[in-house]
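In the two assemblies presented below, chain A is common to both, partnered first by chain B and then by chain C.
This part shows the complex of A and B:
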């Protein structure tokens, strides 16, 4: 099916990132040799914690970080929320930056006010699964996900951490159908809208006979004071035509947690 | 699907591809190669370190193996390398073992510290246990003592309970007794009340009858008064007649031997045991088992005897009776343990002298009539003062006293006769409580009679029945008269006023008279007597011309020559 192409392109979307160690922390630790920056291509649908192990291995010794020191990332002054997919963070902060995206690695002074404390990969998996369940609750009243076996959950998370497209869709396909395994419009389309410096917005919108434009209108209606003339709604870094059927968009362009994470940002 | 649909889908696809080419593709190769190079650098760094190490090793080996050369050296080097390698492995092993040992040591110290702490805990627990055992022992001891005390208490309790039940039983029996006694008491009280009522009735009757008698007397006097002439004559004649009645104490009147009864009556309602004339001879008193004393007026010249009055008030039989020297009082001893005094004028009891604990057999006035002496079955004599109305002296005789006399002729002396066959003499001038002397007699003394002018004492005895005359100056028996029997222990014998005769009444009803000096016997024959038997007492009128006798069958007889 040709529509799989869009899914494929979404899945394959990656951003080049160069990780550099925080100079400040290096000086504090008395390090003399400056470690080389590390360049990586990170999938937009992936999460930063999945590369934390590599970063810790490379840089922790340089700042002599102890086990208690938790790694965290920032772009410029903004700490990056570890539970957001990489694509959202890139679209939010680094849309107009020069590539590769330069991200600073920190081990000290964890900004507990801005980002959640990172308790390990299990926390990330838990967060991902809870988002998945929330999405299915909106779509099918959480009936489909209730029938998932532990091994299916395990396979789903493994396919994300290993970035395996076929494994992911072999499981995720079920969430696109109703409980009887039939094609059926979702009750509501799970989506959330991010805007820099604002709280994220989630609303209820039915999938039947609605378009992506309806989502934008809903946001406009919710925040009438927001002047959106010079703004654009980005999904996976691109503008979606307003006429696109919302049901189709949800089925094909959702992040792995089955949400449409839309970033509202100023036009460049 | 419409073309419109496909167009936006394709648009999306194109955009996505555009994006990917812009963001991903241009960096893809670069980053991949970077990654490869990065890895290579890392590997090379590792190789360099390893090679440096090897180089160092080799250099050291070379320095050590300095002189040796050629193939042998090579071989040796190889061997040395081998050995070094082995040494290294051994060193590694050793260090490993050391580490393990260190770990073990750490563990051991940990464990030993644990052991120490456990030991400490154990010792603590032991001390605790010791304390607790001590406490337990103490508690056990306490329990033991408590149990013991409880046992003691229970035994005491049971003993007390036993005692209590015993006392309860006793109490019950005593209570029963008390109830019985109360019943008895009630009964007795009722009886006493009844008797008192009877007594009162009787007294009332007596008073009434007395009143009636007095009224009659008055009537008679009035009648007599209506015949003045006759009365005057009579008074004159009475005066004439009565002139010889006055007794001159100095004169001695010849006594008679009684021959004829001129008056006799059934004087009492029971046996008569007491008989006495007044000192002036105007009155005669009798007393008996009916508890009444009767006073009789003796009209000697007219040969008449009249009843003056009965004296009531005694609680039992009258045992002796006597007038005082002015005829004011009548003294009587009674079986109810008391001695009483009546005034003759109003015939009322005046004094009751109580103190004897048995029958009073005899009561006599002393000279001045201010004192009374009594003899009793309780083996004592008592002296009573009538002014103080109390006993002033008690003499312990040691035997029942049946009769006693006051012998002023011998000084102030009391002579008492006793059932232990002795006559005792008590001198009141000495304060001794013992008799001044005693006189033994063969037989129980029933009566004493004194003839003071000749210091002679007459005593009658029972068992060895006889009359004996005792000369008080010689303190010896001078003569004995026998040949009769006495019917009672209180039969009274008597001297005649002139001392000529002695008389006693026998149980055969005969009055026996002897001449005191010669011992000649005179028997008053039974055929002239009114006594059939059991004469108790007899005596002469103070003038000696009249004789009286009483017996157990209620009879009083008054005699003349």
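This part shows the complex of A and C:
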């Protein structure tokens, strides 16, 4: 499988979601007709806010939501952080769930303690581009991304918004190379580890001669009391072999923001 | 809401670090107002959002305006990132330098 084939596989990964309107809010609004659930196949590497407009169109009226009532999503009792890619949230919450993944749409009582305020698509764009800059700071001291033109940033964001693989990689491939356009091990590999109910973990790991197993060891070292024998480190829903070269994993299995978003979860 | 008593201003050049606090060095950029004292010992569990709130209060930023906070003058971390994580990954020496400005600068 070629490089781009591998990346295409990651890009094409999707999860089946069923959105339903909060029954509680519907009742409170005195709604009589229960709106139908909406089914969508969402890319793992995409973000929920990209379908907010659609959901607002479908459901806002049924609960008499005003412009001040901001949409938010939950799974069971957990509000879903809109700035996390769909795939992370799925791996964290829904791996053992019956599919489609049933997500509740809300308009009232925005849980500001649990999720960030969402002011609109610019907020998501800003977040995405910031993560990209952070990733390049780790990989290249930000030297490569600092050369990008506004048009290149625009193309990157558009490609996420429209989920367009070729457009995305036409710019993103520059971030796989150093400032001279050559292949060179990244200074540090951008990664984060997510665990339900725990704070996100991020650490510094060089890519030279390191493996995915070294990331797992770094985590164990940081949390010596964590018993990881019955846990697994998932990336895009799959276990990555500990022997996999971290540079390769970073170049091929990162999310569009260039981070390896790894979910640590109990083995099922 | 953050109160100014929650951040102990650190006057000495080599502030000692207690286990649950990290040292922030806050620098103004663009037309953001300067702080009188720039170094603070902050609880490591605080988030970037908390720092933004504190800055807006301290610098008497008007309603409707906000502050953008940058790390390494390169990126704006998500507002829910905790300071300990930022310090461990992006701290320099004994402190975490954060740059703030009223408009988007680097991200």
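As a convention for this text, the second predicted complex is superposed on the first by the 267 of 268 C-alpha atoms of A that agree within 3 Å, B and C clash if a C-alpha of one lies under 4 Å from a C-alpha of the other, contacts with A are read in each partner's own complex, and residues count from 1 in each chain.
In this section, a residue touches a chain if its C-beta (ideal position, glycine included) is under 8 Å from a C-beta of that chain, and two chains touch if they have at least 3 such contacts.
These numbers were taken from a predicted model, which means no experiment stands behind them.
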Fit-or-clash call for chain B and chain C when the two complexes are aligned on chain A: fit
Touching partner for A:12 - first (chain B), second (chain C), both, neither: first
Partner chain(s) touched by A:35 [first = chain B, second = chain C, both, neither]: neither
Partner chain in contact with A:213 - chain B first, chain C second, else both or neither: neither
Which of chain B and chain C A:137 touches, first, second, both or neither: second
When both partners are placed on the shared chain, which of chain B and chain C touches more of chain A: B
Touching partner for A:79 - first (chain B), second (chain C), both, neither: neither
Included angle at chain A between vectors to chain C and chain B, based on C-alpha centres and rounded to the nearest 10 degrees: 20
Which superposed partner A:204 touches (first chain B, second chain C, both, neither): second
Partner chain(s) touched by A:116 [first = chain B, second = chain C, both, neither]: second
Chain B versus chain C as contact partner of A:185, first or second or both or neither: neither
Superposition-derived minimum Cα distance between chain C and chain B (Å): 26
Chain B and chain C footprints on chain A, overlapping residues: none
Residues of chain B that touch chain A when the two form their complex: 4-5, 8-9, 11-13, 15-20, 23-24, 27-28, 30-32, 34-35, 38
Complex contacts: residues of chain A adjacent to chain B: 2-3, 5-6, 9-10, 12-16, 36, 38-41, 99-100, 236-241, 243-245, 248, 253
Contact set on chain A toward chain C in their complex: 81, 83, 116, 126-127, 129-131, 133-134, 137, 142, 199-204
Residues of chain C defined as touching chain A within the complex: 49, 71-72, 74-82, 85, 88-89, 104, 106-107
